[in-house]
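So, here's a batch of structures to check.
Both complexes shown next keep chain A, but they swap its partner, so chain B is in the first and chain C is in the second.
Moving on to the complex of A and B:
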């Protein structure tokens, strides 16, 4: 028996009240794709489930006041098939499209993906590349903070899902010179964890022949989604050319320090980031925009 | 003011759930902590959904849930409340009755060997075909749609052929590509 009581919360307020009432014995359930597996293998237990899947306002993709807002219970399928995201935020649409299988994407949510705090969660990597803010509500009131501050360790999130609720993720509305891409290396295309995944966001300069700003997130390279800050700094102000991209890949190779794991050796993962950094930029800007 | 023990929420944990399963309405008592898969198999006698892995990896437990395919091993049974669910049993009256065109096509193409994956495969194929009634269907699209359903016997080719044969609008039959 996985739980004793199962509630469908009707509102955000009710979610908080239920969690508070059960004082740590109740846990938020969204798609259940992580939780049901954790219950099966006894990694986790909870007496009371608070299902947030029926709270309408948590399920949305919208642009408002210069920001994009993605509701926490939006499924990976909804994100991957959103024409708006496909057009303006490739990194997110194609990032979540790589998750698991159609069945997993039909159930799994972006909020659960982040709350699960895996260093190579595809949704988290994409949101870190977008510089997203995580918005939620805790017993002390609403909060919003940079998404990166929520990741503490593999599987360990600064957010307590027995007391706090993620409501949405926000990031700046698309600019005309913004580009992004998601690249991933895995054993198979479906139902395979990434050996390496990378989210990239770029803002081109006004001439569109160079890079004004960049954000790069890579997994699994550290205990949390890794920001390639040295490469980002190098790309800021750089002109787009094959030589520059080769040099950028070299920098990324140097700044990551992955570990040997069942997914692949550290040396192999380092080689991967070198190759994929360049591929990601080419995918984001289009091969023709890059000079020799 | 609330006293300390006063319950401040109006939600109630349900004692029973009501749903439509294979075109029939059911109301059943809640068994706390139950998976949808167990409710279907153990309480409602439907052995079509199978347990392969119990962890979302194989798709043998696939059901159609409000029009989309889900792994019933990962769905709390409570969530069935208010839902419309189809299992393989809901597609036809069995071998004696009229088979669903997708089932018939699986037979015609020799796409079934041990049969363990077949209910899930057919249901994922149904959802895919329902969503692509006017889109030209290609083999890579079918492979992607069935990528959450594993088969240890057939090598997939005949399954893909069986689904392709059912597509109302067919794209390039030769198109291959990585999924």
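Moving on to the complex of A and C:
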């Protein structure tokens, strides 16, 4: 096999102890849908695996004290089928709904999705759009920081998975005027990485005819999940209209600078961004809310 | 005629064991002492082999044998041209080319040894595009040749230039088809074991057991009789599983080590060293009268053969002229070059060149109709062949329901209504497109010595029948089709008939599954064997029961002795008959040799006993902002001669349409400087079930009852794919006005065409 020992940790404390005991030779397994591929192709090796899938407190979706908390080992399937998320956080529920295949979604977890630090990981894109905070525990104690600070480079995350553990992601509880959407474009309908994916979160104004606040995350447009901040700034305070959305799409088109890849050229990705920005807003607010 | 089994739906007889995982494939075989074979493959598209040092690899614990070009014979052999060696000692010619092979007691040991084999290469300039490879200054793949052109096919008939001069419409355009992977579920695989009498037994995942045997005997320097080939269940072939290098390497290693050797490709190896579809650049020039009647056709094809010849030349020649039996054109000129490149060797893929040509021809006709205000349905009706037609190349059309296919597809799809009413107002536009198709059911020149088939049907003392054939079921349902044919002809329930796995020690010689021939030609042999068996059966019953032969009726497993007014189960009857013969089974033997000819040096002569036809109509929705194409509806009307198994036919049509849609819209082997960028199913966009228009593919079957096929049946495997890419391309054009002539019709190309820039 690819490792010498495989532990099912029963608690967060035990996980940290195991990591400490093996001094860098142990890695966390949280679903393994990416990890196993990396093992198979010899991109990665580890002597000891610490499976955190049986630690109950890491697997939850709950709202508490004005915040939503998502446990790190919550599976994509659990997120996609959660009625609560479907109602209040479309961006997350539908964002993870097209990851891989049913089998991959049953095994793969949101914590693993983020820890892999891919610039177009659907879960990461959705959480960035929600302005999530990543919570965890390191040998020095618990920490929490903005999720965006976690991503350093493709495949490179600020966390040390041989010493630290993600416990949960939190973001503000839903407000009555909050809307969100997730859009994705790939070369096939399943088992395909996106050519472009986009998470959008909006807060409408009191009259609900304009936008008070916006967050837009797009992948794979940069080395990390990309925040379309210029478009966000333009949308803040803008009234909802076809013309505004067209202009917003144009701005997004301008501010992304993707690279050519075999999945799609930079020029095509830019075209997609323009189209999907508008589609995402329409999906989030409903077509009828947008004036001509 | 009233049938008991033919024309009904018979679930595949091996379906249950396959879906429950009980069926055993070559990849499942394990034996005492079996070694694992692995192949060292070239990392360079073109390089001279300076030195191979295996000394470190030999020291790896568990390694039992290592072969390289320096310790195997260097004689040349091949499928069509003599450009294969067991392993080369001069050059490698593509990324994935076989350099050495190791057999070891474990896969891990074999892989470790591969890493320790030191090969010194001198990298050479390489050429990847088949057209560039024709240029005089292109690097030469084979230094003993003057250029990289492996073969040139030429045919000219009628007065081509005169006919163009008489034409009212002259159309000329270029099309390009892609190299795509067959993506059979089971990878290329062999297990080879030494056997008594100094023989070798080869369990192969193959569509051509008997032909492989001949070729491998040639490669190994033995008689065919020294090789026993067994073909168990095969997990798909689609043209890929012809003669294959790794089978030979496994055999050499088995001989050298005296132990069984298992050689199974990883998926990556299948991608970089399988035998994908021949890519073609096709220039089509057509001359037509005002009403759309085709007067002249001039075609030039440049086909990529890859680094050695598998069946590329035959595929190119097929692309050059097979379609001349779909339309009644009398003035034709074709030239087809099959050109070596430093790319993966290419070969058969469902459609065998005819699919490539359909992509060009059926789009060309569509464009001509659009530009000249002609009705694409009428133009196809005017030009389509009919029963009794003899093509300009001497191909004799017997059964033909092409016109009826057009009628039924047009009616079922609501073609004329949809042409007028499909919504093109928004960003998502609907369109409808049509393509016709023809094919063969057997291709006389493919195996030059002969075409034909023979079969045995054995009736056991229990009254059950076993069909022995050399034709290969690959999962397409051939074994079930043969059981249906035998059961119907003898008068048995289909559950009491099975088709044995091919075993060259027992089965008759059979050319195999290609050219959509197996059901028609192999099935006809099974039919003849079954008829022969029944004659024997009746005559023995007459003797044993003292009944007149004309009073004996065998049906559904029961024997009616009408003179005696008695009906007995076949079990009871066969017990008596068999015991009266000392326990013998009755064995019917039958052959079918089609009345075809090897085309003469001018390529004239009827190549196939039966020709299937089809008309496909695709209805699509194109998202013009993103380029995504959604198949809304698909109608496939096929002249199948006779329906043998309704549900298996539907399965073949649905599989062909989905495979064709994948080729048309999604699949792409992306190659950079000779290296495949996406050698994984994850990045190779084969359609998943989420991408397939399941439930929207409407099969329509026309029964023209062919005089040569068993019960009149013709083939379906390839015709179900041939017209798909063109029908979809035409529908996309109808929806958007974008005409994409280079496969795949990917979303970026559609958007690029609509905004008029390259994306």
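We take it that the second predicted complex is superposed on the first by the 292 of 292 C-alpha atoms of A that agree within 3 Å, B and C clash if a C-alpha of one lies under 4 Å from a C-alpha of the other, contacts with A are read in each partner's own complex, and residues count from 1 in each chain.
Keep in mind that, in the parts below, a contact is a pair of C-beta atoms (placed from the backbone, for glycine too) under 8 Å apart; a residue touches a chain by one contact, two chains touch by 3 or more.
Fair warning: this is a prediction, and the values are worked out from it, not measured in the lab.
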State whether chain B or chain C is in contact with more residues of chain A in the superposed arrangement. B
With the two structures laid over each other on chain A, which partner does A:192 touch: chain B (first), chain C (second), both, or neither? second
If we overlay the two complexes on their shared chain A, which of chain B and chain C does A:36 touch? Say first, second, both or neither. first
So, does A:288 touch the first partner chain B, the second partner chain C, both, or neither? neither
Classify the contacts of A:5 with the two partner chains as first (chain B alone), second (chain C alone), both, or neither. first
Should A:264 be classified as contacting the first partner (chain B), the second (chain C), both, or neither? second
Examine A:275 and indicate which partner it touches, taking first as chain B and second as chain C; both and neither are also allowed. second
If I apply the document's touch criterion, which positions on chain A are contacted by chain B in one structure and by chain C in the other? 101, 189-191
What residues of chain A sit close enough to touch chain B in their complex? 1-10, 14, 17-18, 20-21, 29, 31-33, 36-37, 40-41, 48-49, 51, 53, 77, 100-104, 106-107, 189-191
Can you check the complex and tell me which residues of chain A touch chain C? 101, 185, 187-193, 262-265, 267-268, 271-272, 275-276
For chain C, which residues count as touching chain A in their complex? 625-626, 628, 666, 670, 677-678, 681-683, 685-691, 746-748, 751-752, 755, 757-759
Interfacial residue positions of chain B with respect to chain A in the complex: 7-14, 30, 32-35, 54-57, 59, 62, 68-71, 73-76, 78-79, 81, 124, 144-145, 147-150, 178-179
